[in-house]
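Two complexes follow with chain A in common, the first pairing it with chain B and the second with chain C.
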Partner chain A sequence: MSATAEILDSVQSSYKWGFETDIEMDLAPKGLNEDIIRLISARKEEPLWMLEYRLKAFAAWLKMEEPDWARVDHPPIDYQDLHYYAAPKKKAGPKSLDEVDPELLKMYEKLGIPLKERAILAGVEPDPNERPQIAVDAVFDSVSVATTFRETLSKVGVIFCPISEAVRDHPDLVREYLGSVVPVADNYFSALNAAVFTDGSFVYIPKGVRCPMELSTYFRINARNTGQFERTLIIAEAGAHVSYLEGCTAPQRDENQLHAAVVELIAMDDATIKYSTVQNWYPGDADGKGGIYNFVTKRGACRGDRSKISWTQVETGSAITWKYPSCVLIGEDSVGEFYSVAVTTNHQQADTGTKMIHVGKGSSSTIVSKGISAGKSNNTYRGLVRILPSAAGARNHTQCDSLLIGDECGAHTVPYIESRNRTAKVEHEATTSKIAEDQLFYCRQRGLSEEDAVNLIVNGFCKEVLKELPMEFAVEAQKLLAVSLEGSVG
Partner chain B sequence: MSAISTMGAAGFLARFEALRDSLPGCAAERAAAAESFRALGLPGGTSGRRSEAWKYTSLRPLAEADFAGSTADTVHGDGADLVFVDGVFRPDLSTTVPGFTQFAEAPAFGPLPRPDRDPLVALNTMLAADGAVLRVPAGVNAGIVRLGSIGTGASAFHPRHMIHLEQGASLILLETATGNGAYLHNPVTEITVAEGAHLTHIRLQDEATDAFHLATIYAEVAEGGTYDGFSLILGGRVTRTEIHAVLNGKSATAHMNGAQLLTGTQHADFTSVVRHAEPNGTSRQTVKNVLNGRSRGVFQGRIEVARHAQKTDGYQMNQALLLSPDAEIDSKPELEIFADDVKCSHGATVGELDAEQLFYLRSRGVPDSEARALLVRAFLAEALDLVTDEAIRAILEQRVDAWWERQAA
Partner chain C sequence: MLDIRGLTASIGDKSILRGIDLVVPDGEVHAIMGPNGSGKSTLGYVLSGREDYTVTGGSVTFNGIDLLSLEPEARAAAGVFLAFQAPIELPGVNNANFLRTALNAIRRAHGESELDAMQFLKVARVETKRLSMPDDMLKRNVNVGFSGGEKKRNEVLQMALLRPKLAILDETDSGLDIDALKIVADGVNALRSPTFSALVITHHQRLLDHLVPNRVHVLAHGRIIRSGGPELARELEKTGYAGVLAEAA
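Presenting the complex of A and B:
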C-alpha cells in the first residue's frame, strides 16, 4: 500500500462511531409542512400551546432566508427531502431501563455511554476510586430513549428529563422559559428548530441547589435521511449550580444529514451553569462525501447578578459546523466564558465562535479559541464582543489561536468588537502559525513518532481549553483530537 | 422641483447622464461603472441590508445631501505643490512638479480599482473629471511632493489619482484634504510600486466639519518594494479611508498605519485589506482611534494570505481610546490564511484612559488636563512614531496637538 493510501485508509477507518443500528423505526413521511408539525406535536402528546408555538415558528421560518454569511459552502439543502420525525418503534420514554430495546442498550454500550445505574447501597460509602456518577439522557434520532438517575436527582428537587416530557409535566416552566433566550425568529435554523424540534433535555435546578452529579445528554443520529432537531433548556435558579455535558455521534453515510439544535440556558442570581460539548458527528469521508451539517444556536442568559455561564466545546466532527455558543450578560457582575477547540481535517468546514453581549454593570467575559486546520479543511473563528452603554466597567479578554497543518487548509479569524461604554475594557489577540519545526524536532529526537509528536504539541496547544472540561471528558477529548488528526501529518 | 434629482444615487446618475459626452477618457468604462453604481447603490442609501464591507457605515446622510454647486472662485492656495479645488487642477495655485500630468489631459483607468465591487469606486469612475497622474522614473528619488485638495460649497468631486513608482524609485507623497462647506470628496488613488521602489504615502485628512470624505486607495507592490502609508484623520462628517494593498512580488512590504481623532457626531471608518499574494511579504498596521463627544470610529482590517505566500509575516494592531461616555468604536480585525508557514497576528484593545497612569501623574503634581493630554499623546505616539520623516511627523504632531487643544477648550 502506498503511503498516501495508507493515510487515507487510516483516516477513513478512524471514525469508529460510524456503525448503524438496525432498529424498527416509526418514521414520519418526508417533507415539511403544517401537517408534519401537527403530527410531531400529536406524537409527543403536546398541549395546544406547544403546537401553536411550533406553527408560529414555521410561519416565521417560511418568510426567512437561509443565512449565507458564514465561510461555509454546501449545495442547497432540500428541506422537503427529510424525515422530521424518526423514533424507535418501541414506545418512547420507558419507565425503567429494562423496558429499553436491547438493541439500543447494545448500541450505547458500544458507544461507551453508561446507561446502567449502579445502585448505591444505603449506608455504603461510594468507592472513591470508582468513576463519578453521571446522569444521562440518551436521545436517539427524534426521541429520548432513556434518562438515568432521575430519582436520585428528584430527591434534591432537580428536574432532568426529556424536553417532550417537560412540556407535558412542567408546562409552566417550559412556557415561561422556552424561546426566552433564543426567540422563535432569531435566525433561520432556530426558527426551523422551534417548528420541528423533537427532543432534547430539560434541566431545572431549584434555588440554592448544587446538582449532586454531572448531567449529560448523548445525541445519536441513526436513521437515514432524517434531520435531528434537538432542543435543550437549562434553568438554574438563584444560587444553583450545574455542570452539563453533551456528546454526539452519527453513522457513516454518503449523504449529508442536518442537525439544527437550539440550546437555551438561564442563570439567575449567583447561579452557575457549565456546559461542555464534545461534538463528534460523522465528519464525512476523505473526499468530503457525507457527514453532518451541524447548524446550532446555543445561547445563555446570565439574568441574575453574579451569575455565570461557561461554554466549553471540543468540535472534531461534522462536515460543516455553524455554531456560536453565546452569553447575554444582563446581571451585574455576571460572567460569560467560552473555551473552544475546533479541529477540521479532510474537507471539513467549521465556522464557529461566540458572542458576548455585555449589558450588566461589571460583567466580564473570557474567550479562548483554538482552531486547528489540516487536510483541505477551512476553520473560521467568528466572534462578537458587544459592550452596551449600560455595561460600565465591563471586561473582555479574547485569545484566538490557529494552527495550520499542511498547505492545503485555511484558518480564518473574524472578530467583531463593538464598545459603547468608555469604562469597559476589551482586549483581543489572535495568532496564526504552524507547528514549530524546533518543537517537532525536539520530540522526534527523543524518539517520538512524528504523529505522536504532533499529538503532543496539539494537546499542548489546546491545553487551556481542555483543562476546562470535566476530567473524564478531557481524556476522551484528547483521544478524539489524536484520532481526528490521524494521517494528517507527514 | 429639480432638487430631487441632484440627491442620492439617482442624483449622481442624472449628473452622469448630463455630463457623459463631455467627460474625458473611455466612454465604455464609464458606462460600465454607471451600471455597477446603479446596481450597487450607496451603502445605506436605501432601506435594504448593507453589504458586510459596509456593516458599520451608512451613507444615508450622503444620500440625503444635496450637492448643488461650488464656490471655488474664492479659494487661495494652501502651500501644496499640486492644488486641486473641488477636484479640478489649479495651475495658478500650483508649482511645477516633474513627472506630473493632469488626469483630464491623459485620462486612463488602471487595472487595480474595482468599480464592479466597490460602490464609491464605481461612482468615481463614472464621474471622475480630473486628478493627479504622477510618475517617478526608475532610480529617481523625487523627494517630497505635496498634493492638496480643497473642497468648497456643496460640490461633489471625484478625483482620480495615479501614482507610479518605477524600479528603485522613491517618493514621499503628502496628501492634504481641507475645505469649507458641505461637499463630497470621493477620491480614488491607484498606486503601483515597482521592484525595489519605495513610496511613503502620508495622508492628512482635515476636511470641513460638514464634508464627506470617502477615499479608496489601491496599491500594488512588486518584489522588494515598499508601500508605507499613514493616514491622520481629523475632519469630515462621515468619512471612510479604504485601502487595498496587494503584495504582488516576493519580499514586498506594506504599512497601513493611521490615527483617527474624532469628536462631535463625526463618523470615521478605516477599512483596509492587505493581500499577500507572494512569499516572504511583510505587512504592518497600527491604527489608533481617539474618540470624543458622540463620535463613532470604525476599524475593519483584513490580512489575506494566499496559498503559496509562504513565510508571510503579518501584524496588525488596532486600539481605541474612548474619552467620552457617548463615543463608540466598532472594530473588526480579520485574518484569512491559506498558507501554513506564516506568522500572522492581530490585536485589538478598547478602553478609556488608564486610571492608574492618570493617578501616577496627578500624584506627581501634573494637573488633570495636562496629564490627560500626555497620556493621549503617548497613546498616539505609537502610531505617529511610524512616520519616519521627521519634518512630516512634526506637521502631523502639530495637528494632533491642535486637535487636543480644541477638545480641552
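Presenting the complex of A and C:
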C-alpha cells in the first residue's frame, strides 16, 4: 500500500487543469454597485432594456439574504472584493478563429477543447472512427472567445451564439424568454447573476428541427479574484431536439472563487432538450484551501405537451457545490429527468439534487442520484417532488444511492415529497453503502490494483447515470471519476 | 511448487491456523478436507493475502518467492487464484469488463500485450462454451442475480481465463448438482499440467471422483492431522471425521 505522503501527493497533483494563462486582461474595478453594472452593460453594448433588467435585479438582490439552508459551510463572501468583469484585452467577441489570441487557442488545446472546425468535404462519408463533430462556445472569464460551427448550424436555422450577442442580435427572443423560467428574484444567487451576468450560450432550435450536432459550452475561469456569472438560455420550439454539453475548469489557487450561473431551458410541444454537465472546477487542495464556490440555478420548463427535459450531471469539482437542476412539467405527458453523479473528496462539500414540479396531466419524472463521498467530505442529496392538484396521473420515481469510501466522510439524503393529487404515484428508494472490503479483495485477488478496483466499483455504481451521457463525454467522465478518487483509499 | 512451513495465523485474538506444514509439488492436485471451523477457508485466504488475517508465524514459498510479502494483486500476478466459496457481487460492473480488466492486469504484470474488447470476447467465448455457460453470462453484472451454480461456474471461468499456476478452490463443489460438479472438475482437469497445481478444499468425496487428487490432507483445529492418497477421502466418506480426530488426539 502506498505511503500516506504519496497518497496526499497524488491527490494534490491530480487536478490537471490548474494552470494559469498569462494574458492581458480588461478588468473592471473590484466591487459591486450600479456603476459596475452600467460598465458591464456598456462593455457588452447592450440595449437599454437589458440594463434596466440588470438594475432591477440588483435592487432585488440588495434586499435579499444569502440562503443558509444547505448543508454547506463557508466563511462569509465579500461581494465587494470581486471583479465582476474580466475579459482578454485583444478583441472582444472575435468573429473567426483567426482573430482569437494564440495564447487562448493554446490554452484550449491544452484543455483538449476542439475549437477547430474540421473541413467537411462534399460527398465524402464521415470516418466513423473520427470524433463526432461538436460545436463549441468557449467562455473565458466574462466573455465568449469563440463559437464554432455557427454557419453549419445556421443553415438549418439553429442559432448558437454567446448570449451577449443574442441580446443585441435576437432581442425579441431574449426578451421573451430570459428570466421566464428563473425569475430575477428567484433566489439570492439568481438575482446576483441577473444583475451582473457576463456571458454564456444562447441556443434556439426552430420548429421541427433536430440539431445536427452536439452543442457545447466550455467555461474557463482564469483571472484572479473574479467571479464568473454565466447565463445560458436554450429554447426548443415544437418538435425540436437538441443535446447540449457543458464543461468547466479553473486554475489552482489558494483563494476561493465564485461561480454563480443561471441556466434556463424551454421546451415546447414534443421538443426534447438533453443537457449534460461535466463539472470539474478546481476543488481546493487536500486541506480544503481554495477552490470554486459553484452556486448555480438551473431550471427547465417543459411548456409543451409531451416535451422532455433531461439533466445529466457529473460533479467532481468545486470546493462547494450548491445546485439543483430542476424541471417544471407544465405540458401534458411532459417528462423530466435528472441523472446525477456527485463525487466529493478531501474537504469538498456538495449539496445537490433536483426539483420536479408536476403541473401537467400525466407528467412523469425520473431521478437517479449517485453520491460518492471520500476523505473528509460531505455529500448531500436534496430533492423536491411536488405534484400539484392539476397533475392527474403524474408519476415520479426517485432513486438515491450513496457510496462511502473511508470512515471520515458523510452522505446525507434529504428528499421532500408533496403530492396534492391522489392519482399520482411517487416512489422513492434510497441506499447507502460502503465499498466493502470483500469487494476490494475479490478484485485484487484477480490481479487488479486497489485503485483500479475502486474505479471499477465506483464506475459500476454510477453506471445508470454515465450511460445517459453522450458517448464521448461518458469516457471523459469515467476518467475524471478515476482521477478525482485517486488516493482516496489507503 | 508451494511450500508452507509452520504457518500460523489469527483473526483478531483468535488463532486459527496453528502450524501448517504442506508441500504441493508442481503438477499435483491436493485435497484439503476437515470439519467445519478447522481453518480450511482461512488457509485459502491467508495464501491469497486477505488483510483480515494476521500471519503470526511460519513461511510460504511459491516457486521460490516469499508469497507472504506480496500484496494480493501481486500474488495473483504470480499465479495464485482463489475460487471463492461465496463469490462477491459487483453491482453495475459488467462481467466481461471485469474479466478483461483482470486478465489484462495479469498480462501486464507478465509483460504481455493487453487484449482489446474484441480479442477478449473471442477468448472468453471459447471458455464459456467449454463450460456450457450461456453467452449472456458475460454481459451480466459480476455475480449479481447469479444462481449459486452460476456463481461457481463464473469462478471456474475466471480461473480458465487467468490460467493460474496455483488454484485454490474453496468448496467450489458445494451446492452444485452432478452436472455442474462435473463442469467444475473438468475445468480444473483441463488446466492440469506439469506447471499447474491445485489445493481443493471440499467436504465431499464426489468431487474427488471427477478430480482425482494426488494427496488428501485432513485439517482439524488449524493443523494437518493426517495425509494420504486418494483412498483417504473414500475412508473419510465412510467413517466421518470422528475416527481420524480421535486417532490424532
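Quick note on the criterion: the second predicted complex is superposed on the first by the 488 of 490 C-alpha atoms of A that agree within 3 Å, B and C clash if a C-alpha of one lies under 4 Å from a C-alpha of the other, contacts with A are read in each partner's own complex, and residues count from 1 in each chain.
Here is the rule we use: a residue touches a chain if its C-beta (ideal position, glycine included) is under 8 Å from a C-beta of that chain, and two chains touch if they have at least 3 such contacts.
Given the structure is predicted, the values throughout are model-derived calculations rather than measurements.
Partners chain B and chain C fit side by side in the overlay (superposition on chain A). Applying the stated contact rule after C-alpha superposition, one finds that A:Arg444 touches chain C and leaves chain B untouched. Applying the stated contact rule after C-alpha superposition, one finds that A:Phe19 touches neither chain B nor chain C. Judged by the touch definition given at the top, the superposed model places A:Cys409 against chain B, while chain C stays out of reach.
Contacts of A:Cys462 after superposition: chain C is touched, whereas chain B is not reached.
Of the two partner chains placed by superposition, only chain C is touched by A:Asp452; chain B is not.
In the superposed pair of complexes, A:Trp49 makes contact with neither chain B nor chain C. With chain A used as the common frame, the shortest Cα distance separating chain B from chain C works out to 15 Å.
Against chain C, the residues of chain A that register as touching in their complex are 1, 436-439, 441-450, 452, 456-457, 459-464. Of all residues in chain C, only 48-52, 71-73, 75-77, 81-82, 84, 87-88, 90-94, 97-98, 101-103, 105-106, 109, 141, 158, 162 touch chain A in the complex they form. By the touch rule above, chain B contacts chain A in their complex via residues 52, 307, 310, 320, 322-352. Within the complex, the chain A residues that touch chain B are 69, 387, 389, 402, 404-434.
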